[in-house]
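One structure is given below, encoded as structure tokens.
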Amino acid sequence: MTMKLKHKHSRKAGLPPGTLVHIGEKKSDAVTITVYEYGEGQFQERSVAKPDEVILTGEPTVRWVDVGGIHKMEVLETFGKMFGLHPLLLEDIANTDQRPKLDDYGTYGYVVLKMLYEGQHEGDINVEQVSLVFGENYVLSFQENGGDVFQGVKERLRNGKGRLRHAGADYLLYALMDSIVDRYFVILESLGEKIELLQDVCVTNPGPETLRDIHALKRQLLYFRRSVWPLRDLMNNLSRSDGQFLQGSTKVFFRDVYDHIIQIGDTVETLREMVSSMMEVYLSSVSYRLNGVMKVLTIITTIFMPLSFIASIYGMNFEHMPELKSPWGYPAVLGVMAATGLAMLYFFKQKKWL
Amino acid sequence: MTMKLKHKHSRKAGLPPGTLVHIGEKKSDAVTITVYEYGEGQFQERSVAKPDEVILTGEPTVRWVDVGGIHKMEVLETFGKMFGLHPLLLEDIANTDQRPKLDDYGTYGYVVLKMLYEGQHEGDINVEQVSLVFGENYVLSFQENGGDVFQGVKERLRNGKGRLRHAGADYLLYALMDSIVDRYFVILESLGEKIELLQDVCVTNPGPETLRDIHALKRQLLYFRRSVWPLRDLMNNLSRSDGQFLQGSTKVFFRDVYDHIIQIGDTVETLREMVSSMMEVYLSSVSYRLNGVMKVLTIITTIFMPLSFIASIYGMNFEHMPELKSPWGYPAVLGVMAATGLAMLYFFKQKKWL
Amino acid sequence: MTMKLKHKHSRKAGLPPGTLVHIGEKKSDAVTITVYEYGEGQFQERSVAKPDEVILTGEPTVRWVDVGGIHKMEVLETFGKMFGLHPLLLEDIANTDQRPKLDDYGTYGYVVLKMLYEGQHEGDINVEQVSLVFGENYVLSFQENGGDVFQGVKERLRNGKGRLRHAGADYLLYALMDSIVDRYFVILESLGEKIELLQDVCVTNPGPETLRDIHALKRQLLYFRRSVWPLRDLMNNLSRSDGQFLQGSTKVFFRDVYDHIIQIGDTVETLREMVSSMMEVYLSSVSYRLNGVMKVLTIITTIFMPLSFIASIYGMNFEHMPELKSPWGYPAVLGVMAATGLAMLYFFKQKKWL
Amino acid sequence: MTMKLKHKHSRKAGLPPGTLVHIGEKKSDAVTITVYEYGEGQFQERSVAKPDEVILTGEPTVRWVDVGGIHKMEVLETFGKMFGLHPLLLEDIANTDQRPKLDDYGTYGYVVLKMLYEGQHEGDINVEQVSLVFGENYVLSFQENGGDVFQGVKERLRNGKGRLRHAGADYLLYALMDSIVDRYFVILESLGEKIELLQDVCVTNPGPETLRDIHALKRQLLYFRRSVWPLRDLMNNLSRSDGQFLQGSTKVFFRDVYDHIIQIGDTVETLREMVSSMMEVYLSSVSYRLNGVMKVLTIITTIFMPLSFIASIYGMNFEHMPELKSPWGYPAVLGVMAATGLAMLYFFKQKKWL
Amino acid sequence: MTMKLKHKHSRKAGLPPGTLVHIGEKKSDAVTITVYEYGEGQFQERSVAKPDEVILTGEPTVRWVDVGGIHKMEVLETFGKMFGLHPLLLEDIANTDQRPKLDDYGTYGYVVLKMLYEGQHEGDINVEQVSLVFGENYVLSFQENGGDVFQGVKERLRNGKGRLRHAGADYLLYALMDSIVDRYFVILESLGEKIELLQDVCVTNPGPETLRDIHALKRQLLYFRRSVWPLRDLMNNLSRSDGQFLQGSTKVFFRDVYDHIIQIGDTVETLREMVSSMMEVYLSSVSYRLNGVMKVLTIITTIFMPLSFIASIYGMNFEHMPELKSPWGYPAVLGVMAATGLAMLYFFKQKKWL
């Protein structure tokens, strides 16, 4: 889904609450389910065809189930039964029009956030909703398409480097959220570059398409802020919560992500102010050009109107116009005209209109 | 009532407080009263002519009285006596100019909200005030006209599907409020579509009626926000309250409605910013057009003024103008004119005015 | 006092604090004092010449002293001594430039608010400051002129209808404040009507006086908000206070007034946004008209400049201009002119400038 | 110091903190020190040459030391030693670029505020920083120049009227602050008058100097707000504090000053909104005038262009132009011109351009 | 690094959290490490080549390690091991894109802030990130380049003047932060001067480069505020914290820095409002000039159009134009022209267009 505001919620209006209806773009591709089971000395990665095969014998320290595709309702319902999830939570996973939030369901928690990544066409920003359900020793992640944002986490799990394999499910939750938030910086950077490009255009060559670009940027920033800002409270709550899942040593990491969100929020505000300034520059650049056009118009009119008037006087057909008979009349009039024109030019030079 | 700001409150100024005066559009149609009584294995639906017939023998688990029409004062007063309601509450029901709010009267609660639905004419948004009084095992709903917003809830009650028939009065309260809030998404969607249409018009064909449309949209969003935003605190209070009517398991549903309200509020803010942007686009589009007109004016003036001046020189009647006698005078002047005109055009091309 | 911003406070600068100086318009009319004494079976209304006659023998359940005119310092001082009021409170009563507020002096409370009512000239809004001092069984009300805002309360006291005669001084306080707040709705309604009228003028016939009207409205709304908004905290405090004067059953009434204030505040904000929009409409309506004027100018210039140029060519006095001798020269030139003019008109039609 | 923004703080950058450097305008005048000692039956006023002479034998109930001039560092240091003041406090006294604030140093308190008074030139507002140090039975006041703002308080002390002579140091502190705050009303009034004058100018005769005046006013209000607004928290803290210096009976007076500050803040906001409106009026008044100029231009062009075109047709030199020979040609053409001109005028009348 | 918005964070996206990657401009210069060890009677200053040499035998009262250059990861890691610092803290030191913040790690604290100083080119403002790690008896300071901001502190340490040598590590922390904050005043002052210069340009000679300067200033202020404002909470926390490192007597100094931050914030807001005003002045100054140009255009057109029209009438070639034969025709027409022109000029004088 590219960055557009769609309110597909209405499809559900009238249905009983808790009804599972996938709200998003209908897709026909299959759902991919990958299970990662790991602990202090173990690691296993399995691709699974049906949700029933997720839990086999043998309980690992941490189990991460990564689900790509949320359009198959029966899959979600099976997960709901297996992990004892609330119907409203399943409804939230299926509805891709969610606002980022954190819900505490007692024995498990639910986080929904927006994953942003650049699309194939330049300037496109793709949005994907990611739902994370986390319990004492498991994390379930639901993506719309199964993008590659979690690729880094998976690599680190596979090669066993860093803290990840030795820590609990709470650290895995952190790693997943951190990898999503890190992507925001990439998007922000590309937005910043677009703004700097547009700023030059505003001064040198403003046109109606500049205006459209400014407003497109404004809307993208608006959407970006909407996606990121709710994470602030969310991360704050996570880093301060006394939940049973989060260990004290992990909280400092969530606080770090919180700091990143604050920093992103600051930068977004700065970019928004820059876009507003840009609008001002655009408008005053257009009006400055209008001014320039007006000056040329005025100068032409002001110089030629008196000259033409003089010429038209001597174009009158009165019988008694003594100047007409004088042999010096013509050159004298031409001289007067030249003098008038030059005086005008001098006047404009002084007024700084030239 | 279509979306207009009417302050009919003044009709009451001077009367003692607690006086029942219906503030809204006077209507002559009869009041419709429907009673739904249901419990674990029972369900009964009765249409009732007088409020006295609402309570018969046999106490059901939950009783819902749906009243369509609030203009008959004696009906409200009878309900007031039957359920022991405070005079100020009855006054609030009769006054359709209420702000959404939640009042706690100890043994019963009172919620007032605005029901929005699209009218017959395209773009019309109808507003109806809905008052909900809820006690331990009953819910009273008062609508202005008795629209079809609760139709879905009624259907679910009749066919016994879903959780509704098995839950208490608090879940019924939730179901009614949820059906009202779900309608907001429909309205929001149609407002969003209108905005996207207008945005194109702003760039391609802006006119005074565009301005009027923008401001109409602005006002509708303003009104929409006023109707929806107070629900935020209301839902938050409901989902956190320790009242005697709301069971813990129902609170999670109210929290879900709260999330919807937050999401609606977010979208309204986005739409409002889009409308503001649209205004900017409109203004700068109009000014860009003015610029275009000015350029044409300047070019025409700048090209023809010098040419006419040259012609007027040779229209002078001096006896001693040697050029006039030369056989090459005429073609030479025409040549000079053509050269001047082409030079001008080249100058404008360079200035990017053409 | 009509709605103007006057800062008369400076007259006091330099005097010792607590000095009684009437700040407001000096008046020579006498002060009117009316005493209402009532209880469960009794009611007495007395007009009194001097403040000393207010308290006679026999203690009623509730005593209300309504004072019209606050410019006689000795009257205020007598009341101060009789009821043991703080000098700063008396100073506040005498100073009509107060902000609405609630002061708790332990054994009595002090409320000051603004009474708004329409003046004799259309559009005039009169402002009068009302001070209410309330103790356990009395209420003192001080008005600037003694208007008729309390007329409804007095009527209800006289005919003994409603709750008023049977309730305590706290309910009387509520009734007085409610009658003042109810007037706000009337003012708001008339402001709303003015705005709707002006909105049409902005589109159809904007002129400099429109601008002046918009700003007058803006200022009235600003003043209105200043008068009303502080009441919000005030009412909230009254409806939540655990003071010794307010009974629990009266608090629900103060909460009702609080709801009205919130509603008024909402409407004022809406009206303010509408006035801002109106300003935008005005400006862009003026600029749209400028645009229209510019188009006409451009069209006229663009059509006649080339035509005049053609004519001026054949007005040149060259001896060798073969066209001049041709019998078809004149009609041919006229034809060329007509063709050029029509081509121009077609061009403008296409550009949508006509 | 007239109202200008000067950042003289930098002179100190690099020095060790707590270093006494007078930041303000260097002055060479001597420092004036006046001591007021009073109690229930006593009052003494002494002018003192050196700070060492401030404390003589005999302990009064209250001692007020009024110091005019803070540019002599040795004087401040002597006071610092005599009253045991913190070095940072002395630094704050010497630095006239302070923000109003209240510091609690345990055994004494420190208040710094801005004294505003009108200068000699009309429209000038002078700013002077006043530092008040208050202990159990003394108040030290430090002014930059020793203006006459405290004159009223001194008079009241001398003639022994009012509460001042009988109250403690806390009441003296209140009296001094009250006399400063009362001056704000005078300034506010004169700012309000300036705004009303400018508002007329904006409509009747706007020019570039109007713009400069508007922005000067805007800046003065900005500065005024900066000087006054921090007093709000300050007074609130004083009126609520449980410090050892403030008696309960004095707190009600500080609350009164707090109310004044709130009222001043309200008025400043109103004035600021009026200045913003004025800017709008100015701009739209200028643009309305531009509109008027454009209309005249258009009308002149529109009327004379066709007329001149007609004349230029009959100025062509074709041999075969039958109209030229007709005796009615000339009057007929004049008639056509007159008719065309009148038709144009009628058209403009209808378009409301005249 | 000059004041530009660069988002280099993205270089890290995809790496495991806690990975040390220097985010900033790559540098090849060596890292300078200076150790200051001092106590009541001792002081030693050592330049050190490797971080391992920082701690020798003999424990001083306070040890300050000033590190210039943070691009060598191995240096940071060595410090991390020596002082037992959290990996995330080291990551924050290496990342120069931090927002000012205070982190409490239990046995040590971490402060990051921005050091601003003027660059070599006029108007340039250089930004350098400073990280301060403080424990019970040590302070580690990390600068990007090792500028001279701490020079004053070093001097005071060396010559032993003031409180510094006798106080603990908390006072050193204060002295370092104070010297950074003092620099802000210098920057603010130079920004204020730039604004005053630009304000004159806006009125006297506005051009497109003025606009660019205004927006550059706006951005600098925006960046300045972003660097300074977070310090407010930071200082407030420090001055109120009950940490084990800060002694009560030092807190009053942190409160002093807090006051400075508030004052800086106030001034920044004032400057921002002045820049906004400047934008308004610029725009209306440009539009006022346009107005002036339009007036000249209108006057020229209005004066010469009727005159030319009169001349063109008598340029017509009708045979029967009696005026042409009259000997007074020519002077009469000239007289009419002069009269018309003068009447026009009088009209414009009255309209105040001249």
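Here the chain labels run A, B, C, D and E in written order, and each chain numbers its own residues starting at 1.
The rule is simple: a residue touches a chain if its C-beta (ideal position, glycine included) is under 8 Å from a C-beta of that chain, and two chains touch if they have at least 3 such contacts.
Keep in mind that what you see is a predicted model, and the values were worked out from it rather than measured.
Between chain B and chain D the CA-based rotation angle works out to 145°, given as a multiple of 5. With each centre defined as the average position of its C-alpha atoms, the distance from chain A to chain D rounds to 43 Å. Inter-chain centre distance (chain A to chain B, centres taken as mean C-alpha positions): 27 Å. Residue numbers of chain E whose C-beta contacts span two or more other chains: 287, 290, 294, 297, 301, 305, 308, 312, 315-317, 321. In terms of which chains touch, the assembly is arranged as a closed ring, every chain touching its two neighbours and no others.
Order of chains round the closed ring, starting at chain D and going on to chain E, comes out as D, E, A, B, C. Interface of chain E with chain D (complex): residues 151-152, 156, 161-164, 174-175, 178-179, 182-183, 185-186, 188-189, 192, 203, 252-253, 255-256, 259, 262-263, 266-267, 270, 273-274, 277, 280-281, 284-285, 287-288, 290-291, 294-295, 297-298, 301-302, 305-306, 308-309, 312-313, 315-321, 352-353.
By the touch criterion given at the top, residues 5, 7, 9-10, 12-19, 86, 88, 97-99, 101, 103, 205, 208, 211-212, 215, 218-219, 222-223, 226, 279, 282-283, 286-287, 289-290, 293-294, 296-297, 300-301, 304-305, 307-308, 311-312, 314-317, 321, 323-327, 329-330, 333-334 of chain C touch chain D in their complex.
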